[in-house]
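Next come two complexes built around chain A: one with chain B, the other with chain C.
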Partner chain A sequence: MTDHTDSTSKHKIDIHKKEHKEEMIHQVISFTLMILFTFIAFGMVILEISSYFVKPVLILLAVVQVVFQLYYFMHMKNKGHTMPAMMMFSGIAVAILTIITFTTIIWW
Partner chain B sequence: MSNAIAQQRGLGAMIWDYITTVDHKKIAHLYLVSGGFFFLIGGLEAMIIRIQLMKPDNEFISAGLYNEMITMHGTTMIFLAAMPLIFALMNAVVPLQIGARDVAFPFLNSLGFWLFLFGGLLLNVSWFTGGAPDAGWTNYAPLSTTSAGHGVDYYVMGLQISGAGTLIGGINFLVTIINMRAPGMTYMRMPLFTWTTFITSVLILFAFPALTVGLFLMMFDRMFGSAFFDVTAGGNEIIWEHLFWIFGHPEVYILILPLFGAFSDIISTFSKKRLFGYSAMVFATVLIGFLGFMVWAHHMFTVGLGPIANSIFAVSTMAIAVPTGIKIFNWLFTMWGGSIKMSAAMLWSIAFIPSFTIGGMTGVMLASAAADYQYHDTYFVVGHFHYVIVGGVVFGIFAALHYWWPKMFGKVLNEKLGHLAFWPFFIGFHLTFFIQHFLGLMGMPRRYWTYFEGQSLATGNMISTVGAFLMAIGTLIFLYNIVYTAIKEPQASADPWDGRTLEWSIPSTPPFYNFKQTPLVRGLDPLWIEKMEGRKGVTPAEPLGDIHMPNASVLPFLMSLGLFIAGFGFIYQVDHNAWFIAVAVGMGLTLGSMLTRSLKDDLGYHIHKEDLVEKGDGK
Partner chain C sequence: MSHDDVLNPKQMPHDPEKATLEGKNKFIGFWMFLGGETVLFASLFGTYLALVRSTSGENTPEHLFGLELVFIMTMLLLTSSLTSVYAMYHMKNHDFKKMQLWLGITVLLGLGFLGCEIYEFYHYIHEYGFTFRSSAFGSAFYTLVGFHGGHVVFGLSWIVALMIRNQKRGLNLYNAPKFYIASLYWHFIDVVWVFIFTVVYLMGKVG
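Then we have the complex of A and B:
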């Protein structure tokens, strides 16, 4: 192999390393946040804060965690995931529709 | 390697070949044969129903048996006949239409089939073990939860197993269409049959889980003493109805959409024209899929959801008629000015248009909630759904089989016999079901065992029964045609219809690796483009190279067999604990096979370049 190809591939590796590092930082940040959220969740229940407050906050925290999980740990933020994302959002839409029906029509 | 075994051609070897195959073309044969078998059983049940209703106060069969008949007829026709026949077409055609060598998950494809088959067999075993399910194909609680005997248990376990198979099959096609398209085959160049298969697979993915959940709750209510649907213990039966129809309405679109696609391909081929309004057709398909999830409560107008819910669902239901109408007009405009060839496939397709339109029209009538209080649970509804299902789905299956038979079996079905089968079926269909609308308006309820003298229902029912016999005659002629074609007709060419899409660019029947070289797609109707530019075949996208193929496997069969055995265990453990042994044995077989699959690497094999050159186009 010539010098030339060597240097370009080295350049590529550098870019790759940089991306990798960024990715790592993102993952560590979201991981810390997720642990923090979990502590908050447990804390709220242990401190016996009013359930009118706790319930919605718990659900909100859970949703944020799921988003972190999908986008940072399962790489949905990366390219080439539009089709899976579309499928998941359609699935979520169907599920929400079901829940809305059940709460409004059956259990209200 | 399946090829080596097949060369011996003993019957045993052939059966083994089919049990272990992962080739989508052979799985298509399996789906066709078993779907056809269940279609005949369902048809036989229909004939028994029609004989019972032929005259007033008839006692051809008892009232209890009648309930079993209507339940098994509906369940069999929807889950065990229409679904697999559609899967047969999808397996036979879709990979070829997108220029793929195989489906994305050949192993799962085979698993999907065997689960369906064993689920269907389990359901039908109930006939011999003291009574089939008898709570209707909709299986409403509390009729189902309180039904005596084990019939409904068979319904629950059978549909759970075959439903899992359908879900797996749907996922396989979803991934196949997203990932395996040949170079240049963009989404907006996919043939309509591939498009509708794609949307259907999405619907399967989202609709079947609702059924799975419903069946699980039903299973626990019936077998393990829970009370999800038991009002006296704080449950609620309406939950079953919602879950069933959240699945059930998308299901009817799962049935019709692939055939909309088939009709589009057929009508464009035999009109020698590009499909009119291709992008509108795609858009309408997506829209129907989307709206299909918003309308399920139109089956529950009379439950007492209240005027607001009823109005919302009435409006969304009527909205579906719009994309459906778009499709009807596009088919008509495709034929307009085309040079139409009246082949048998085209005959079924043309007959479909007015027949289905009538069904759509009665659908909109049913969709107005206030009027539905009058129609609901009468023969008017029976008329409606048979117009869409027989006039749409069954006509579509006949049309598609005539069209793709040469690709599936290497011979063109005899055209004369094809026309001969069409006419009695077509006339019989309208005789049977048109009059049922009026019987319904006159007050004849559905699912009743008999009616009295002097209710003026006798003539209409007699006409209906006569029509049913005509349909049976048409079906028999079609079966005869299959045998006749197999024996008498010559080998078909690669492109007997002067086709437009990729499946006609390879031999009938295709070699097991489909395409020697992956084709390069340069537009909509890729083969037609090449023909217009004076080329013989489609330009390849790659040089000749080794082809990677999956290995055959018996594991899908064993996994499904395991669930079949476990199914009996679940059903009968209520009577005696010893039946848990069957659960253990069955689940052991299934989980053991899954473990084997996970631990043993199976990397497939390669067909070498040299062998491809040597063998030429054939096998």
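Then we have the complex of A and C:
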């Protein structure tokens, strides 16, 4: 009986180890992409591409990097992150609403 | 079952950082704290963007910033983010020694970053005479980047303190959440830096 439970729990540990390994591979891939984005960002500035094009692209690259950081490095893609995700999205929603409200009030 | 058995079970659960109520509470509380930190840095970024053109003399962003050093600093901090992920990977596999090793590497990379930043500020002050009081741009720049640097100092002290304090204890359900939260903080510092190198340095060079 004890042997049996031991072997199942050992099996469970192996499954978890495999899961962790897969997660680690995803994290290394996201790290590689983040390095790539950094190279692109610095490259664009060094090559002095038109600033009207470069500025939005730089911001976009930064946002993508942060999404990688949040979801892969800070484990937000894993279970049990409903609460932080909900707070974050409602915060972003409030921020966007504020910007829209004030720009429309001033503009019209 | 005594308190000690609860914290040191024969077999560690799947997610040691969230296995206890204390761990779960720390986790939620820390994400809320990060919300507050985001507001702090958002304000500092807003201030910087409003004052970045209020320069004095030759000390403009285009003239001051050197991309080589910023690139090295970015690589150091980005890599330290990966090494702290490695540390958490070993924590989940209950390998305390390897976790400590990767945390140690993270600390070294963080110290490298800090060294570069101190050199950068020293360089600006002594070569260019660009200080906190030079212009509104100077104040905004040193406040924003300095606040981030302060976070790096705090994060490094935090990780080192955890490593020293738990050196002999090993990994258990009491300190696993502590390590996990410190690593989240370290990632957040990297998140802020991504925006600093983009908004302050790269967009400053573009003009």
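Just so we're on the same page, the second predicted complex is superposed on the first by the 96 of 108 C-alpha atoms of A that agree within 3 Å, B and C clash if a C-alpha of one lies under 4 Å from a C-alpha of the other, contacts with A are read in each partner's own complex, and residues count from 1 in each chain.
In the analysis below, a residue touches a chain if its C-beta (ideal position, glycine included) is under 8 Å from a C-beta of that chain, and two chains touch if they have at least 3 such contacts.
All figures in this text were calculated on a predicted structure; none of them were measured in a lab.
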item: If touched residues of chain A are counted for chain B and for chain C, the larger one; value: C
item: Which of chain B and chain C A:42 touches, first, second, both or neither; value: second
item: Partner chain in contact with A:66 - chain B first, chain C second, else both or neither; value: second
item: Contacts of A:106 with chain B and chain C, given as first, second, both or neither; value: first
item: Which superposed partner A:97 touches (first chain B, second chain C, both, neither); value: first
item: Chain B versus chain C as contact partner of A:58, first or second or both or neither; value: second
item: Chain B versus chain C as contact partner of A:27, first or second or both or neither; value: second
item: Chain B versus chain C as contact partner of A:17, first or second or both or neither; value: second
item: Residues on chain A lying within both footprints (that of chain B and that of chain C); value: 83, 87, 91
item: List of chain C residues in touch with chain A within their complex; value: 11, 14-15, 18, 27-28, 31-32, 35, 38, 67, 71, 74-75, 78, 81-82, 85-86, 88-89, 92-93, 184, 187-188, 190-191, 194-195, 197-199, 202-203, 205-207
item: Residues of chain A defined as touching chain C within the complex; value: 9, 13, 16-17, 20, 23-24, 27-28, 31, 34-35, 38, 41-42, 45-46, 51, 54-55, 58-59, 61-62, 65-66, 69-70, 72-75, 80, 83-84, 87-88, 91
item: Residues of chain A defined as touching chain B within the complex; value: 83, 87, 90-91, 94, 97-98, 101-102, 104-106
item: Complex interface listing, chain B residues touching chain A; value: 174, 178, 202, 205-206, 210, 236, 238-239, 242, 246, 293-294, 297, 305-306, 309
